[in-house]
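Scrolling down, you'll hit the structures one after another.
One chain, subunit A, links the two complexes that follow: it is found with subunit B in the first and with subunit C in the second.
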Partner chain A sequence: MASFPIRFVTGIEAKGNILIFLSIAISRSEPSLISLTSWDSIYIKLLKKSIPHSSLTKGMNLVKRWKRSFFQIIKMGLKAEVLIVGGGATGAGIARDLARRGIPSILIEKGDFASGASGRNHGLLHSGARYAVTDPQAAKECIQENRILRKIAPHCIEETGGLFISLPEDGLEFRDRFLRACEKVGIPTQPLSPEEALTLEPELNPHLLSAIHVPDGAIDPFTLVLSNVKDAEDHGSKFLLHTEVLSILVEKDKVKGVRVKDLCTGEESTIETSFLINATGAWADYFLKSLGLRIGIALSKGSMMITNRRLGQRVINRCRPPSDGDIIVPNHTVSILGTTSIRVEEIENFEVTPSEVSLLIQETSKMIPSINGCRFIRAYAGIRPLFIEQGKQNDRAISRGFVLIDHEERDGIKNLISITGGKLITYRLMAEKTSDLICQKMGVTISCTTHSVPLPGANQSLALRERLKNLGRKEILCDCELVKRDEVEKILKNEKLKELQDILHRTRIAKGTCQGGFCIYRLLGLLNESGKDFGDSNKILKGFLEERWKGIHPVLWGSAVKEEEMIEGIYKGIFNLR
Partner chain B sequence: MHYDLIIIGMGLSGLMAAKTALDLKKRVLLIGKGMGGLTLFSNTIDILGRIPENLNLKDGLFEWIKDHPEHPYSKIGVEGIEEALSSFISIFPPPYTFQSLNGRNAKLPTAIGTFRPTYLFPSTLAGGTYLKEGNTLIVGFKGFKDFYAGYMAKEFKCRHLTLSLQDEGRSELTATYLSRLMEKEGFRERIGSQIKNALKGESLVAMPPILGLRDPMDAKKHLEAITGVEVFEIPTLPPSLLGMRLFNRFKEYLLERGVDLLIGNKISKVQIKSALCEGIEVYHPPITRFYSADHFILATGRFIGGGLEAERERISETVFHLPVWSTRSQDKWFGENFFDDHPIHGFGISVDPSFRPLDSEGKPIFENVRVIGTILSGHHSLYEGSREGIEISTGYWGAKRLLE
Partner chain C sequence: MTLSSKKRDSLKRNADLCIRCANCMAVCPVSRVTPLFPGPKHAGPGAERFRRPGELSVDEWVDLCIGCHLCDSVCPAGVPISELNLLAKAKSLDERGRPFRDWLLTHSYLYGWGGVLFSPLTNRLLRNSMVKRLLETILKIHRKSPLPDYQSPTFRQWFKGRSSRGGKKIAYFYGCFTNTNEIDVGKATVEVLEAIGFEVVLPPQDCCGLPMLGNGDFNGAIKKGRKNLSSLLRTIRSGMEVLYTSTSCGFMIKHEYAHLLELPGSEDLAKHTFELFEFLRTLKESGNLNFHFKKLPVKAGYFAPCHLRALGIGFPAFEILKLIPGLESKVIEADCCGMGGTFGFKKEKYEIAEEIGKDLREAIDRLNPELILTECEGCRLQIRHLTGLKVLHPIQILRDALRSSSDQEVFDVGDALKNKIGLKS
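For the complex of A and B:
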């Protein structure tokens, strides 16, 4: 009891006997191991035992009224063995890895899962071929993880295969080096003649000199992260979303805990921990700043554009040293063109510039000429955290390998670890190495199993074909991506969602051609009618439209202008939203 | 086939021009790809939404014209606009008529629980002007995904009722389907009594615009007889039944007066000889036909209507390839925020006082071609709340100045 704040104890005294039962519940149990739902049941049990039946209703009302306080109690009492900061692929991967070794953790994320680079990338399941010539170590990690992910996460992957094509201006010199390099790191390649390549991908530039088939694929990063989270939760880990770390509490040479803030309620609390893992990706240096530490992360903005149709069946790469606009990845019904690489100083508030748009169209249309007349539905950017090695000035030359830092060795802080850099596809390996280090520090030897145990959901398919099959006569909320009303209702029922974006992340709503222009009104209507709105609906609607606009206006021309005129006509005209 | 006038575009401005020309006993061909923007946005007739609330429309227009010499309204003048509006109103005989609220903008409720200013509105929307906290029961339909009674009820602080039509055997309802049901007396009786039972002292009942296409006032009066309170519609997402009613009435009026209509056809070519347009070629698969006329009116609308096209480096006019007053670079077309008034909305065709298109030096390009409607430059109709006003007044005067 001593660890509980005075404010709350006076609350207990002031409110009479009902809260005394509460205090029993608290003192009998280890707070950090009880979720909110089990709190409810424990103390409803107590109520049933200790209070005459007539007082029960009164008690239940108090339960409701003080629910918020319980949240607070739980948070105040949180104590973690391992605390992970960052809910991207790496953080979620570490939580899963540790949980499967029997070490439960708490993960804190200031937004939703995969809000950073994990959710803002190409969705490419690298074969490693892209890095074979310039960065063999990263290439080796990629092909190794590529094979593992196909086994453990088939539900997140579309096995498209990929082509590396050489255009007349590229010549064949790089291609030969490329083939040798792939062989060296163990990436299987299959050279194709231009005719064969054009039969497989008719929209390719007909003047191509050569194509090489590699095991590239497409991956759905959000499902990947959620599957890791699900497995970790099933094995005792906990996740706090929309929770920001305010400060790191250090005593001598050890981290004691962190001060955190619930961004939805504004409540602050402290979480104690034996180990702290910095898995904040691009925010890694920002996170360490208060400790006076710095890893040396370069922030590299990569911009991408989404076409409104799928341009081909395979990933198309340009067979040349990594450069701008050299990859086209098919994804469900669309294709994603990318990327650029621009050094930035700020992690937030970045956008795709007109010159990036021009560059991407110019470069990718050399591989698929029809891109010139394509309609685009959105442009977006992500920030790659790159670890700067001495002497590498060009961001394209910096290794895409990851960096694991034991701050005990480097800075004398015993229980702090940072993991950053890397690629989405190496997240599992990064998690494995981090978990190995934690185990070593704990003095335990339990080995990693995440390379062989499939993720939850591995036997389900999320493909469009399946969605079409299950559609039946159900009401459809989003016409572009065929999202059913009951699909959304199920998510509302099952998950603790705090804002509109959380729902959008978990469905394909707003990911199609209209980018939510129509279905956002329907989604808000549904939320209102099911009593699950997140506050002022029109304010949320405005916020959504502004956020949507950021991705749309850089690529707004052609027939998309018609649709935008319609969307504006609806919200600014018919609905008079100002 | 030869006509006095060929009008290209079947939105509100094209329809108004056709009405005006037919009233002057001219032989008219009206050609369009579809119903134009009418079924998208024209639920009511906006003239100028952006005027101070206490000002009447006439005074508001005087001020506006003084400050906006390049605006289409400035080519017409306040009295001209009023004359055009009377002409519009005259084709809607009772009971389904258009009215204003004492010469001022009325504030009508929207489907997200806001109010929007508009000038003329049809009789089925009139009840909306009385909506106040607590006095309206908002009725929605389960499975009709374009109208959420609960959403509006929260904003308006009213109660709502969501009716379930399970016996209809479908999980998804559309506005047109509901409106067909609403044309059946038995259906109205059934839902009317459900609504009556749900009323708790409310004096109004709001519904999506589904009171039928043929005789909406009949449906309204029947429901009012059952429930004992006034019933009105709240406009929502397209397709707009309100716009379809407008279109249908125009079509009926024009056909009675001998218009030739070509719906669903595209112009494949215009034939020009020096500064005169001689005729148009229309592609009716599999054949192409030529239509000639003394005069032509272009009323193709903006981007949705197909009058303008935005390529990456250029905005062009699609039929006569007229010069479009615009900026070239795509990143200058739009503001940074969605709710900005984007520069692209001001782009369009410049015309002289008789609506002849002008070149970059201000000289008329064609002697016998006029341009009307929202494709004109010099207005931001969405931002101003002036879409239908521009369409009606330029449609009316475009034809009148040409033919008189």
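For the complex of A and C:
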């Protein structure tokens, strides 16, 4: 449970008047973020000051009764001007955009931030070049947003640059179309000779015919989403994580609110709202189902593989029409090979299949031959929500552009908006368009500023080198990614985390070679030591290891097997975990 | 740095083999005593994931790797950990520039003759506390560090004055330290080899290059390696085997020339290069070694230097010493003396070296020997410095225990012998 925001208390002079204190505190705080235990201690402190000792017990009972009734009121009466469902890049972006326009919102997310496609992609800062030939509109959006993100989120971006390489079997026909298309949509390109390309990226296939340099880059989606959240929070937005929407309450042609459940405590409550935004990404249709609505989202699974080492310094793309295994993105300490595209029906349960693993290695190793012998640490998949247009049979042919649906026009529900599709890189544009629509519905005209105002933390560096430099000066919790103990302690102290996964999203813990095998028990020890209790440690550990296994087993061969055997030995043999 | 890029890439690729088991962390003598060095797993394969070609180094701490190779020898995955450290160290020093001190420490072969020529003066100066203070201030060589004495004449000069005895020819790589600072090691080697019927030849030789390599100077090391190779290859092609008494020089010639520096011809040379006691052990195993020892009632501690361990030939000197009647020798159970070649001389590292040596000193205290035996000159300096005990190369005690026909008078006279090797004073 999160702790009581202490800033509310310190400013108040509680000279015995509990009622005044309580009313102020409650009116200014977020009900589901209040920890009962902290409340109790504050009550008791105040009681000791104000009520004679003899009547302490009586007072306590009285307070308990008040407390109960207050909470009842809050539960019934939580109201939001705008309620956003979905804590991915889009949802967080909308929250920030609206907050910056002075419209506070509440965002509900059933997991942690970036739990869906926002956190399950290859972290590519698209130049748009990939879509220049097949989807010029999406390409145009990408390059515009690429330029904006470099300005507003430099701390999330590594400006690696990217190459589109043509191999002998590809020929140069597509390359010429590609160059023309890039020029048309305004993507700057710079053709390189094979020799120049090999000097830049020595690991490339030496038989390449040509390479085109484009402004691709690497982006850290977690930091991006969290920075948006931070800015939105600073400007009055509220976020309810691990909170699931149970049902949408509709009255005539309007959404009245939603019934939600706190997945950690099991408490249910109702949130009233004037506007409801469906930013659930791949879950968009699932979310609308109860209203009998459907946007028509195709779910396309994209699988990726992570190498142990960074294979190159630039994004490497295959210069051919979009297809499987055509990209290698360097990201932090690793490279990510992507992707596949397989239509799926289920959003929650999917895994990377052996045939996908073979396909990815087979295709990407044509670009960087050393992939054949290199070590992998994980495979994972994300679900792309694709908006099906008429007549497009192949998922690769469906536009990567986004869809903004005003359900008033489409289905006659006045205050419901859906936003889905798109790319991570166009999240800000999607948020801008959604917020514009909200403003229009509200009848106000406040212009968007998110394209020019930098995100909080923009002055910080990516800090990869810093971590290496400081090695040896501080206690290390995660060996592989060099995460310091105090880094984790700071997060534990400053943020309201409810699950182990929340910590993992906010640090690089468990993202390295051992995938948490050697550091997760240290982290649990730290949690225990610092009094943070996420529940039964054994259960958490088991849950983590099961999740970890899903990612590891598709790429388990070679020296990774040795390591896995040892890790298994540690957990089963030493920790006696069954 | 002129290591081939292919070699560099293959070393870096091998970082992928690390299974994070931390065996290396358990044996690293440096990270055991200071948090400043993160330990082999982090410094080698771990940090490799963070290093980018073309970016300036930020890992100055890698300079604290003492180069003992213990991590390599315990790694179950075969990661060349200390070599990764060495590459990073070389890169960092290439960028930062090397202090004159490092040049001085690694080029003793250039001024060693001077030390020898004026040895009475040099030795007095090097022991003078004022001079030591000056060295510390100007050159950053720690004032307490155990600087070696110079001896005159040099081993080579001594050898020239000898008349050859005939017999099967065998080449001896004595190394700079034997030549100018501990010539008795060389003398003992020659005497023992001649006693068992060999004629010792000293092929032209230069510093093996290990000091440069250890200080991240690949260029210097490769130059020395090439020079030695051309001479030593000629030697082995004329049918001789090459023996060495310094395990550090030996490790360089036998292992690093081929494995790390990939010098042409080095594999050939490695096949014909042997540690002196390894050679004696082979002779013994084939029944060709007939030693007649005197009784030598001495309690000795044997310390196996890092490079001997890294060579993976066991402890041949210890096995041969067991043949000496009366000699009670025990292995000192400690990993590293802390000297690490030139490591322990450096002002910023002296304390770490001292701390590393603590374990060794305690192990020696427990054993309470009269004499310490070890093959490495760095270890000998450090152990003398740490304990004040007499420290010899095993070949010196072997020579003294050999019963020669012309040496009848000391036969079975333990005390006289002890006097001779300087135990009684």
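Keep this in mind: the second predicted complex is superposed on the first by the 498 of 578 C-alpha atoms of A that agree within 3 Å, B and C clash if a C-alpha of one lies under 4 Å from a C-alpha of the other, contacts with A are read in each partner's own complex, and residues count from 1 in each chain.
Keep in mind that, in the parts below, a contact is a pair of C-beta atoms (placed from the backbone, for glycine too) under 8 Å apart; a residue touches a chain by one contact, two chains touch by 3 or more.
This is a predicted model, so every value here is computed, not measured.
Novice: Name the contact category of A:545: first (subunit B only), second (subunit C only), both, or neither.
Specialist: first
Novice: After superposition on the shared chain, which partner residues are touched by A:476: those of subunit B (first), subunit C (second), both, or neither?
Specialist: Touch partners of A:476: subunit B and subunit C.
Novice: Figure out whether A:518 sits in contact with subunit B (first) or subunit C (second), or with both, or with neither.
Specialist: both
Novice: Classify the contacts of A:575 with the two partner chains as first (subunit B alone), second (subunit C alone), both, or neither.
Specialist: So A:575 only meets subunit B here.
Novice: Should A:147 be classified as contacting the first partner (subunit B), the second (subunit C), both, or neither?
Specialist: Neither partner.
Novice: Can A:562 be said to touch subunit B (first), subunit C (second), both, or neither?
Specialist: In the superposition, A:562 touches subunit B and subunit C alike.
Novice: Contact-wise, after the overlay, does A:374 reach subunit B, subunit C, both or neither (first, second, both, neither)?
Specialist: A:374 contacts subunit C only, not subunit B.
Novice: Which holds for A:308: it touches subunit B only (first), subunit C only (second), both, or neither?
Specialist: A:308 contacts subunit C only, not subunit B.
Novice: Name the chain, either subunit B or subunit C, that contacts more residues of subunit A.
Specialist: Ranking subunit B and subunit C by residues of subunit A touched puts B first.
Novice: Just to be sure I read the superposition right, which of the two partners does A:493 touch: subunit B = first, subunit C = second, or both, or neither?
Specialist: Neither partner.
Novice: Does any part of subunit A touch subunit B in one structure and subunit C in the other, and if so which residues?
Specialist: Residues common to the subunit A contacts of subunit C and of subunit B are 473, 476, 518, 562, 566, listed in rising order.
Novice: Can you list the subunit C residues touching subunit A in their complex?
Specialist: Those residues of subunit C that touch subunit A are 5, 12-13, 15-22, 35-38, 41-43, 46-55, 58-59, 61, 76-77.
Novice: How about subunit B: which of its residues touch subunit A in the complex?
Specialist: Interface residues on subunit B, with respect to subunit A: 40-41, 43, 110-117, 143, 145-151, 154-155, 162, 170-172, 235-238, 302-304, 309-312, 329-331, 333-334, 336-339, 344, 382-383, 387.
Novice: Which residues, counting only subunit A, touch subunit B once they are in their complex?
Specialist: Touching subunit B from subunit A are residues 354, 473-477, 485, 518, 521-522, 524-526, 528-529, 533, 537-538, 541-542, 545-546, 548-549, 553-554, 556-558, 561-562, 565-566, 568-570, 572-578.
Novice: How about subunit A: which of its residues touch subunit C in the complex?
Specialist: The contact residues of subunit A facing subunit C are 202, 308-310, 313, 333-334, 370, 373-375, 464-469, 471-473, 476, 479-480, 482, 512-514, 517-518, 559, 562-563, 566.
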